[in-house]
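What follows is a set of structures to go through.
Look for chain A in each of the two complexes below; its partner is chain B in the first and chain C in the second.
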Partner chain A sequence: MASLDVRRSSWLTHLATAGGLVLTALLLSAALWASNDTLRLATDIFLYIALACLWNFLAGYAGLVSVGQQAYVGLGGYGLFALAAKADVPALYALPLLGCMAALLSVPIAKLLFRLRGAYFTIGSWVVAEVFHLGAILIVPLGGGSGMSLPIRAAQALGPTPHDRFVTTYLTALVLLLAVLTMIFVVLRSRMGLALTAIRDNEAAARSNGVNVDRVKLIIYVAAASATAMVGALIFIQKLRISPDAGFSVNDWTALIVFMVVIGGIGTFEGPIVGALIYFLLGETLATLGPVYLIILGAVAIAVMLIEPRGIWGFVRARWGLQLLPLSFLVRPSASKIEK
Partner chain B sequence: MEHLGNAIVQGVLTGGLYAMFAIGLALIFGIMRLVNIAHGDLIVLAAYVALIVTQTLGLNPLLALGIVIPIMAVVGYGLQRGLFNRAMGTDVMPSLLVSFGLSVIIQNGLLMLFSADNKRLQAGALEVASVTLSDTISIGLLPSLQLVLAILVIIGLQFLLYRTAIGRAFRAVSDDPRIAQLMGLNNRHVFGLAMALSCAIVALAGVLLAIRANFDPATGPTRLIFGFEAVIIGGLTSFWGTLAGGIILGVVQSVASSFDPGWQILAGHIAFLIVLAVRPNGLFGRVA
Partner chain C sequence: MARGSPTDKDCEMTVALALRNVSKSFGAIRIAGGIELDIRENEAVGILGPNGAGKTTILGLITGTLGLDAGRIEFYGRDLQRLSTEQRCRLGIARAYQVPQPFGDMTVFENLMVGACFGAGQTMAAAQVRCLDILEACGLSSLANAHAGGLTLLNRKRLELARALATKPKILLLDEIAGGLTQHEYDELVALIRKANASGVTIVWIEHVLHALLSVVSRALVLYQGQFIADGDPRDVIRDPKVAEVYMGIETDA
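Presenting the complex of A and B:
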């Protein structure tokens, strides 16, 4: 029995890594040849994938089922508009600054919310998002309830022509998405990833084995908040206009994201990407249905949760033993021993 | 000071309504550890059911309760047997996400059927009837009814839980579902009845809300949050604590609103967060 071959990589992970590199190069080169409409759609897709991966990072890996991530999307959007309008900070410099600000702000919020266990954390996170939402309505210099537009000079700082601005936003979104994916990958491969797996399987057992559960959850929460705020800032650079209802919308920034992740496969690295891509593929044809589309998505997500809680990617992985990234361990009988 | 006095009185009375939002939520959490994110949307659904009933039959909303409560109880039983029972387990995530999905479906379903327009139930003289205590303080009949009904609901629940066979079954599945099943209880059916009871209270709360204020399909989540805040402020120990939590929330909102209406709901949220920071087990909860 000692003759087991345990490794993370396989021919498929090597192939996927190579494919990922080619795809990244292709996407980078798109800045040179793609049309404005294509760039704009691709930017939206990148940002939604990033939000889905970040929500999955929280809920699927750290067990923090938040329905209040719109707090950080809106915070990023409003932060960017405020910095651009009131302090003339160029949008691209504002991004890392906003990431730091959101991280700092999320620490006390996490300390407070972690007092609520399990399902009550979920509703607590919504209360915090509502505080942000209602607070934004009261801030008159940022337009109060009706919101504000991005000042023209701030938009022009991104590039002299509309095409330049689309290219800048597209490349920034792509870099941000790659950074988010890399961060999640590195965390999952690290000691903390091991701790997360232990917490997911049995929190009490993980604690008794010396895992500092609250610290791990805090780090994940703060990292997700910080990255979500940067994504939010880019989303509203795209839209050029923000209002409290749009910035802190639970439907746009949480419900849709949750449905994407659940359908794609919660608790898997690839699942949120699959879910977001399916959403955009179907969205092109179904989005005109408005409320009906949300009802269909909600019903499909419930069905997935009841029938196959691992989602599409979880099912594929379990059925064919596939994994594209070298994350979990594959165990096989060692080839050399079989011959004997 | 007089207008502050009036704000406090109105807040106490509104607290009765918030307590009713909260009791339905606390009941199912106590019995089966289920947090129903669609709770607020079910309150709004009950208001729309009442709207249809009053419009088609020409009934007074309070009389329509005789039809709305059974309908919502059946809806609750069906949801539990068809949906929530399949999602419940040691992991809270499936039931959370299923109820979140249900919340979005109810909201958008109502939006399609009734549009985003404000609606309100007409209750005739009851809407404005009031007793004047002084120049600035007058007590409305309808708000008083909310508080009285909330107290009656609590007394009724206490009786049901501690004096009847079904109450014993509720307590048994709450203490240990596996042993309860061994003793011959059909847990799925008991859970269904618990959700039916929760939805009956939701129906009462929904109709009272709809006579008092305008509602539209998007107002559900805020009702869920009010109920949740009342539960946590009160501490998760008794329905009387929940009533006190509802009243505190009502008073904070009402006093803040008397200074600046924009702060009404925000002040309630902030009060909740302060309680969470200072006394995480609630004002009336035991210290763990």
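Presenting the complex of A and C:
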């Protein structure tokens, strides 16, 4: 019998990696030639893709179906405005600082929420986000219920002209998205990725095979909270204004994200990216329809859930066995053909 | 509680697993009422008992998916009380479920990798090499890249056993491995279990298919109403009038 060996990459993953690098170079160069409107739209798309990938990381892999990630989006936004207005911290330096703060804060929240299982965790996560929301209303120095604007000097620090500011935010969002995707990729390819995928498929079996489920979940929750806060900070740099309702909006920062992940394919690396792009494609073509647009969006989500619960990428992957990233283990006869 | 088993002569051997006054009830139903049990290292023990006697519950108590009402369980002298299921697995307690619990959207090989990386605590590189050997030993080589969720019952059971072996168990808890399979099918699995036992793994096996069980175990216990009512050589145990009484309808074709 020919001996076997294990490969993780294939010609397809090499092709996809090359394609990804070309695309990244193209997107970086867009800072030189794209119009303000294009940069602004692309920044939004990057930030939504990042949120969708992070939510999928939590819900699709670690089984932590949170509907309270807006807590960290708002936290990042408010944190950035507070640091800029009260401590004159330049916006771009504030980002890593906010990431660390959110990570620290998320540990006690996780300890609290992890006492709840399944649907109770989900509801609990929303309650925590609402506590943040109400807390923001009570903080008068940050504008209370009516919110605040980014101080002009902080906005100008991003660039002297509006175009410069769009370029700065665009590039920062792109770098942040690449960092988020790289983090998720590296984790999924590591030993912890194996544990996460096992938890995704069967949590009880993961435990009885020695996976420290609680520790893995904690790490993923903290990493997702930290990155979500940084994305949130950038979202509100782009908007220049924050209020409790906007910062901690369950519709904008959770419901839409869930829509993207579900239609794209939950529990896959590529799914949330596909879902976010479809959302923006629908938005750009149908936004003029007003309320009808939202009805179409809902119909699409229901149709996907009924016809293909694994989502678009889940279907593609199952149908053609596509694996663009070297994340799986492929066993095949070894090239050396040593007879046993 | 009688412990007059034929293995008394080996009593200087290490005790792998000890149940001390273990009690467990679900409401009014008593599953275990002060059970005492010593299982020696490398012993192969079969647990019999009518449906609903609580055999599976005992395995749950040993792996920690269920909590004890009273008593203690020791693994090589160490009290398991405060250890989680995953810690117990890393100590060397592996369990194959009656209804196989594969990671359905992972490949067969990846399923084994989970057991090797986390149960046995191996690095990815070492786990890969070892899992290839396990694939071959368990007759799963041709299915290495198949999705575990799409396997036939026989292959699911094979995978369940292979993944448990990948965790490098000291003791293997088996729950109805042969159930639902033809003799030709389960013979293969029985051979794997016998091989594991020969390599030093202690076996505790719940099984209704006596023919499969008796070809491996050297000691049988019968659980009934929260107590072991018989303990000894399997062939004597199944002829015990006390056992026949609670266990009417059992096939003694072995």
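What we mean here is this: the second predicted complex is superposed on the first by the 312 of 340 C-alpha atoms of A that agree within 3 Å, B and C clash if a C-alpha of one lies under 4 Å from a C-alpha of the other, contacts with A are read in each partner's own complex, and residues count from 1 in each chain.
Going forward, contacts are C-beta pairs under 8 Å (C-beta built on N, C-alpha and C of every residue); 3 or more make two chains touch, one makes a residue touch a chain.
Quantities reported herein were computed from a predicted structural model and do not represent experimental measurements.
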Practice problem: Would you check which partner chain A:Asn202 touches, where first means chain B only, second means chain C only, and both and neither mean what they say? | Solution: second
Quiz item: Does the superposition put A:Val262 against chain B (first), chain C (second), both, or neither?
Solution: first
Quiz item: Once the shared chain is lined up, is A:Leu4 touching chain B (first), chain C (second), both, or neither of them?
Solution: second
Exercise. Go through the superposed model and pick first if A:Phe329 touches only chain B, second if only chain C, both, or neither.
Key: second
Practice problem: Answer with first, second, both or neither: which of chain B and chain C does A:Leu194 touch in the superposed model? | Solution: second
Exercise. For A:Pro160, decide between first (touching chain B), second (touching chain C), both and neither.
Key: neither
Exercise. May I ask you to decide whether A:Asn212 touches chain B, chain C, both, or neither, giving the answer as first, second, both or neither?
Key: second
Quiz item: Between chain B and chain C, which makes contact with more of the residues in chain A?
Solution: B
Quiz item: In their shared complex, at which residues does chain A touch chain C?
Solution: 1, 3-6, 190-191, 194-195, 197-198, 200-202, 204-213, 267, 328-332
Self-check item: List of chain A residues in touch with chain B within their complex
Solution: 59, 63, 65, 67, 112, 115-116, 118-120, 122-124, 126-128, 130-131, 134-135, 137-138, 250-251, 255, 258-259, 262, 266, 291-292, 294-295, 297-299, 301-302, 305-306, 309
Self-check item: Touch list for chain C against partner chain A, complex
Solution: 63, 65, 84-86, 89-90, 94-95, 97, 101-107, 109-110, 113-115, 117-121, 123-124, 128, 132, 135-136, 141, 144-145, 163, 167
Quiz item: Once bound in the complex, which stretches of chain B touch chain A?
Solution: 29, 33-35, 37, 83, 86-87, 92-98, 100-102, 104-105, 108-109, 111-112, 221-222, 224-225, 228-229, 232, 262-263, 265-266, 269-270, 272-273, 276-277, 280
